[in-house]
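Each structure below is given as structure tokens.
Both of the next two complexes hold chain A, though its partner changes from chain B to chain C.
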Partner chain A sequence: MAISRRKFLNMLTIGSAACLTLLTPISAFAAWASDAFNATKPEDAYKNLFGSSDLAQSDEVKLKVPKIAENGGAVPVSVKTSMKNVESISIFVKDNPQPLTATFQIPAGTIPDISTRIRLAQTSTVTAVIKAGGKLYSKSQEVKVTIGGCGG
Partner chain B sequence: MKVKAKVKNNITTVRVLAKHPMETGRRVNKETGEKIPAKYIQELTCEYDDKVVFVAQFGTSVSQNPYLAFSFEGGKKGDALQLRWNDNTGDVEKTEAKIK
Partner chain C sequence: MNRREFNRLLSAGAIAGILPKSSFAFSSIKPNYDLPQKGNARLLHITDCHAQLNPIYFREPNVNIGLNQAFGRTPHVVGEAFLKKNNVTQSSIEAHAFTYLNFNSAAKEYGKIGGFAHLSTLIKSLRSSAGGTENTLLLDGGDTWQGSATAYWSRGKDMVQAANLLGVDVMTGHWEFTYQDEEVFSNVDDFNGEFLAQNIKLTEDALFEGKRSHDEDTGHVFKPYTIKELNGHRIAIIGQAFPYTPVANPKRFIPDWTFGIQNQDLQELVNAIKDEERPDAIIVLSHNGMDVDLKLAAVVTGIDFILGGHTHDGVPIPVVVKNSGGQTVVTNAGSNGKFVGVLDLNLDNGQLKGYEYKLLPVFSNFIEHDAEMTALIAEIRKPHLDTLTEELAVTESLLYRRGNFNGTFDQLICDALRHELNAEISLSPGFRWGTTVLPGQAITFEHVMDQTCITYPETYARDMLGNEIKAILEDVADNLFHPDPFYQQGGDMVRVGGMNYICDPTASFGNRISRMTLDNGKTIDANKYYKVAGWATVGSKAPGKPIWEVVSSYLRNQKVVNITKINSPELRNVKNNPGIVL
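== the complex of A and B ==
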């Protein structure tokens, strides 16, 4: 059976479209919260990440961060809670050029207890936000970054 | 990426140290006066038993060579965890770690 030129071209188009459809999921990364990470004010970062900046301060959010950090380049931070149905834990540094530092998804079965190391451009308030049961709970603490290593 | 995973009382604790410069894009090379382009990990995921147990998204204010500790319920001694990160330039690193 002879294939006409038009038919052959049609087949090519369908074939390449199918290839593209198959390839797309492989190259597409899971959505990185770019709007929230690029925000330069904490309020904008909250809104872009959670859709709300309505945070309830709570002592149930256990934020562990040193009061004085000699090296602002690596400040250890731990956040944990005994709250149930935790969806995510996020860390914000108020006076960093981009306040949202990191956000962690906590699937069911994962314990809401994380540790990491963050950068502080200067003395600033560090805020941990826990999203649990659709609500936002926060805890803040100031971290003093000493300059020149003289313990000022 | 260095990973240590340990199971105790049916809870697996994972500690990760990813080797990465975490360039913010705001640093200037003192010799050339040029800005060092941003290069930082955006996402790090951990899977166990074909299930995602942890996802971390990072911005530029996570320290160089990011350290991360987390834990999840379950996990069997000898089983493997699959970890993966990707950065803003499209670099990817994958690794497997056995639970001890």
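== the complex of A and C ==
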């Protein structure tokens, strides 16, 4: 590729002022899902967001998040899948005061591959949920937040 | 290791032209350093020398607990259990190299270990018996630029010079990254070999700002792998730096870099190397630590050998791990210049046909020093000699650190902190490096630096609630005893002074620590404040004097050291663990 990654990233920022973002936040589609975002238990957040908490664990949900956070205040997380008919990708942090952290609507024809940073109040399980073809698929991983130090 | 052969050679007598003329007075047993090459490519592996240029003493642990799958598994066996598992003869020179057994008397009999001048002779000999530098590689697993006063004062530069003279071809790192990032790059630029790390990338912000990287498309800060041709065979070496550096050590020195085990990236890299480079063997030069490497070997396929470090385990018999793609052999080569791993590969038509591995203990009295290296070391030390050799006190006790809980040198540091900073409780990090001082020896300033010289040495004394102290102990205990090695952050347990507690390593997070009391027997109240002294804060710089000034001042006043009480915890549920002898 003739264009470097850095140049490409720079172009993206310049360009983003002029064009619409590729992934539109949920608020643009419907009323802010306040019941889901304000829920304090994962079960309630699932029900309020999806109308169901019936999640099928799936290795097709590719969740990438560190096992030990370098900074609990900004933990990089990415979720992708090769599943068809993906409608949304959502991220839940079990032990945060409000477990639902982000939800992305995936319009038809969009590659389902998102990445963002999330905040962890403490060591917790992070769960990615993909809604595809009307069904819910999930993948979870523990992310440890530690005071650090003492390393060998 | 082929024990029968090793034992036969041990008793075989005169061997190799590398022995000094005067060494034999100490012992009738001699190590064998004459290893004819098996196969057609030889890899030499050193790791975690912690900048020890001169020979030193290093005592292996009597507590190295393994739980769950790691129960009784290499490297979690100590003392007699180690000898039995590795078929090492009682009271042999090997038994002294690999265990703490009879340490004082054996150390006097066999003398010091390591030292770059002795390593240099041994490595030259091992290279020449395998066809010279054309057919051999010298790999260094890192923790090379930190651990001695001269390394600290020269910001690792002295070790870059020494590694260049030693002929290190490839290295990766951990404590290397506790210098400022610009200093790391400067050292990497001065290093004649290749510095590799597949698991260090620029953060997205740093990438965006155009910070220095090896490849701005992939974001790798350093080259991830290299291909070396030995005797016509292509060998791929992948670097794996210590994955939790920004958690275990200060992130502030390397704000632009992000680490992690990155096993998915590693799998993709191995697959790509196989497709594009068609190597005869794939080696990972790792600073993960042995338990992490064993799990990595189980979840990533296509790697032939993981040559490991970090946990300082002298592992004479490598562990063969089966995985869905075949098998991966995992080694660990100890620390402080004490061992050289010798891996002979038999490569044929793009395939590994066989291998032989030996972990050679480096007994300095039995190896002639290399004059050129001796001269370099003398030059490095000359400006500091008076400071280094100052005798601060004499010890009546054996002083060492290595082990899951307080060593005697840790106790000395904790006692010094409490005394000098007038605190009820002291905390000291569970590092694995730090040399050993024998009873009757003078404790020099250099010994103190061997135990303390880090780039964040500042001390503190502040009031902490009882439950804050418990939270720290629980957090560190989980970093050591978490059932999944990928969640173990890398160090041994935090050392304490002035307090006692019960530790159940088998319990879950938050439930391992109980019955905390002060030395006077009073219970530590969760809601009361206690004055706590410590050092090595990773978050932000502490306000106090460097730890070595605190310890030196204490020692000058004490004059004689005798460690009578060790604040190691009382342990629960590990009674029959072969990784512990108390």
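Odds and ends about this structure:
In this section, the second predicted complex is superposed on the first by the 117 of 152 C-alpha atoms of A that agree within 3 Å, B and C clash if a C-alpha of one lies under 4 Å from a C-alpha of the other, contacts with A are read in each partner's own complex, and residues count from 1 in each chain.
The rule we apply is simple: a contact is a pair of C-beta atoms (placed from the backbone, for glycine too) under 8 Å apart; a residue touches a chain by one contact, two chains touch by 3 or more.
In this text, all values refer to a predicted model and were calculated from it rather than measured experimentally.
When both complexes are overlaid on chain A, the residue A:84 reaches neither chain B nor chain C.
Contact with chain C, but none with chain B, is seen for A:64 once the two complexes are overlaid on the shared chain. Shared-chain residue A:142: touches chain C; no touch with chain B.
When the two structures are aligned on the shared chain, A:113 is found in touch with chain B, with no touch to chain C.
More chain A residues lie in contact with B than with the other chain of the pair chain B and chain C.
In the superposed model, A:37 lies in contact with chain B only, and not with chain C.
No residue of chain A lies at the contact with chain B in one complex and also at the contact with chain C in the other. Considering their complex, residues 174, 204, 207-208, 210, 216-217, 219, 242, 244-249, 251, 258-261, 264, 289, 310-312, 429-433, 471-472, 475-476, 478-479, 482, 484, 486-487, 489-494, 509, 536-539 of chain C touch chain A. Chain A meets chain B in the complex at residues 29-30, 32-33, 37, 73-75, 93, 96-98, 100-107, 109-111, 113-121.
Listing the residues of chain A that touch chain C in their complex gives 1, 4-6, 9-10, 64, 66-71, 76, 123, 142, 144, 146-152. Chain contact summary for the complex, chain B toward chain A: residues 11, 24, 26, 42-43, 45, 51-64, 66-74, 86.
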